[in-house]
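Take a look at the structure below.
Labels A, B, C and D are assigned to the chains in the order they are written; within every chain, residues are numbered from 1.
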Amino acid sequence: MNKVRVEAFSDGVFAIAITLLVLTIAEPTNYRELSHQLWDRWPSLAAYVVTFVVIGIMWLNHHSIFGYLERIDRPFVYLNQLLLLTVVLLPYPTGVLGEALRRGEGTRAAAAFYAVVMAVNAFCWTAVWLYASSGRRLLHSSFPEDQRRSATLGFSSGTVVYTLAIGLAFVNAYALLAFHAAMAVYYAVDPISRRAARASG
Amino acid sequence: MNKVRVEAFSDGVFAIAITLLVLTIAEPTNYRELSHQLWDRWPSLAAYVVTFVVIGIMWLNHHSIFGYLERIDRPFVYLNQLLLLTVVLLPYPTGVLGEALRRGEGTRAAAAFYAVVMAVNAFCWTAVWLYASSGRRLLHSSFPEDQRRSATLGFSSGTVVYTLAIGLAFVNAYALLAFHAAMAVYYAVDPISRRAARASG
Amino acid sequence: MNKVRVEAFSDGVFAIAITLLVLTIAEPTNYRELSHQLWDRWPSLAAYVVTFVVIGIMWLNHHSIFGYLERIDRPFVYLNQLLLLTVVLLPYPTGVLGEALRRGEGTRAAAAFYAVVMAVNAFCWTAVWLYASSGRRLLHSSFPEDQRRSATLGFSSGTVVYTLAIGLAFVNAYALLAFHAAMAVYYAVDPISRRAARASG
Amino acid sequence: MNKVRVEAFSDGVFAIAITLLVLTIAEPTNYRELSHQLWDRWPSLAAYVVTFVVIGIMWLNHHSIFGYLERIDRPFVYLNQLLLLTVVLLPYPTGVLGEALRRGEGTRAAAAFYAVVMAVNAFCWTAVWLYASSGRRLLHSSFPEDQRRSATLGFSSGTVVYTLAIGLAFVNAYALLAFHAAMAVYYAVDPISRRAARASG
């Protein structure tokens, strides 16, 4: 299996999924009241921004993970495809959530749907990492053992947190969006490398 | 003809086609009953997942085949474009099948259409392989002769099986989806390499 | 200016434009009569196939031209962007032509529009070639002079032919589609290399 | 951080955003009056052309900037993602502006929206440049100091100009489009390199 090629394919999918997000903002329907209709769409813009940031950070962390691997094998590629399947889906719940918030109807269902897709995505990330790292299956020999353990803990607890966040959807849809933005920012600082830096510090 | 460039172009087309699949899930129309409408769309999600897996496996096998080639020529590139033409079309029957299943109307026609496009795609794969391998036209000299013969048998019988599967569309649309998912999984283990491994085992 | 990067960007645009063609086939509206509605869409499928083939061949010839260049400069890149502007537009007239043929309304206007966009595209190809080749501005020194002259003749006459073909749109829209398919096949054999081969034969 | 990879991802996003612009031209609704409806859509075509040129030039200048950098770091990548967030959004105001002009309704709101998104984009460009260049943080040591200063001046004044241009939206939407086309042409000659060439001349 060619690592470079799988990475390039994944990059393409991330880039397309992130760009398709623009299609999640509903076209105006009444141009006489255009300024009103555009203001009205700010929840769609908020959902667009949050999911854009989330996918952008995912793309970065995808590279971090691939950078730690010495090689990849077929099962890893299938888990990676499964991960991409959930990434590609993201524009759909994003569009639904933005539209529900704009209409003020179905916001709980929309937020729960968004939260579930994100939680499934978190499970896929954990599966990808556990497969690659358990028994150091695909890891570079230079990857520190304590960093492996803390990353496993990070991914596993992330899965729990994203699952619990589904409950937040029933409290407030904006709080859910803020939560996902905050989590993305948290992951942006790359827990794996940060911990590694601390360990070696 | 530049093999790397044709492969990169094909990769791009596979990545875009697989990502456009998200557009096959119809937007909700009534946000008051959003949770109901989202549950309602599970056949679209099922069709999305199956076609995603199918295209994902196709992408992998496309690389396997290119890996066996020493060079490519213009006719091969045209056959490859023909193959891509059928891959790019896949989101359309996928969307139609998901929507027909959701509405419970036109499921046979939708399933038959999906099955026909998949069968035409199988013919294109066989054409690509036969052109590349007959008389070992484009194959690496190291590619084992017995593996060539078994791959030719595999592609040809695949064409027959996919053609026969059109009949399944008239029995049950979900059975057809399950069949295509199962075939993708079957191809996922890469019959060519598997047989080669067995032969050298 | 980096030739590789401009080529990669152009490849991406060609790949995306060719894949977006699938969106030109109108979704069915009545699933009770789905098989009827799908048959009905064959003109859209025909337009899809023709434009797919046209863009596929364009992509190949784009590479041929870049292969003859020793270097590129800013004005060449702008002409290349102008060319891409017309390529990216192609899904629009393709969708309109397919839909007009399906409805049996507005076929002349749709065909004329399709023909005009294709003619503008042909002008852009000629501009790209003339800029690159006149005075051998960007050509490899090994590129034969007689081949340069015959390619210039080929591109210029192509522009005339595509302009005249606009008239065909007023005769019969299917004849126009057939004409564009035939021209693509004609260009598929790469007049430039063919003539060069003949010259050196 | 891998400069090549971030550049490739950005290239992909630019290529997809520029190609999605074709979706901003509204489908005809009445095929009996198709030629009339197509003429009617010329403002959408104008908006398509202007934004295509704008994104095309942005892509070129993105490469120029990356070419001046010796390395990149995480904060730079985040600013780059923020820049891409505004680029990906561009098809939306483009479609709205074209449609408002076609209908002759909401043109001020549409033009103001377009101008605001462009101004936000200009701020992001300035942020990217200031982060990379202040204290010569990421610049190649060979990048001339006077060129750095003039580029900083260029980006900063660009931000002011794009912000002031929002006012133009309330005067005339076509003037706004012409302004953005003119600015793109101005940037096309790459102020940075031009000034550098002059400095060294």
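What we mean here is this: a contact is a pair of C-beta atoms (placed from the backbone, for glycine too) under 8 Å apart; a residue touches a chain by one contact, two chains touch by 3 or more.
As the structure is a computational prediction, the values presented were derived from the model and not from experiment.
Student: At the chain A/chain D interface, shared numbers over all numbers used: above half (same) or below half (different)?
Tutor: Both copies, chain A as well as chain D, present different residues to each other, with under half of the numbers appearing on both sides.
Student: I'd like the Å distance between the centres of chain A and chain C, where a centre is the mean of that chain's Cα atoms.
Tutor: Roughly 38 Å separates the two chain centres.
Student: Using mean C-alpha positions as chain centres, tell me how far chain B is from chain D in Å, no decimals.
Tutor: A distance of 38 Å separates the two centres.
Student: Nearest whole angstrom, what separates the Cα centre of chain A from the Cα centre of chain B?
Tutor: Distance between chain centres: 27 Å.
Student: I need the residues of chain B touching at least two other chains; which ones are they?
Tutor: Correct list: 8, 12, 16, 20, 23.
Student: Using the definition of touching given at the top, classify the network of chains in this structure as line, ring, star, complete or other.
Tutor: Ring.
Student: Applying the document's contact rule, which stretches of chain A touch chain B when the two form their complex?
Tutor: 2, 5, 8-9, 12-13, 16-17, 20, 23, 74, 77-78, 81, 84-85, 88-89, 91-92, 95-96, 99-100, 103, 105-106, 108-110, 112-113
Student: Which residues of chain D touch chain C once you look at their complex with the stated criterion?
Tutor: Touching chain C: residues 8, 11-12, 14-16, 18-23, 25, 27-28, 31-35, 38, 48-49, 52-53, 56, 59-60, 63, 188-190 of chain D.
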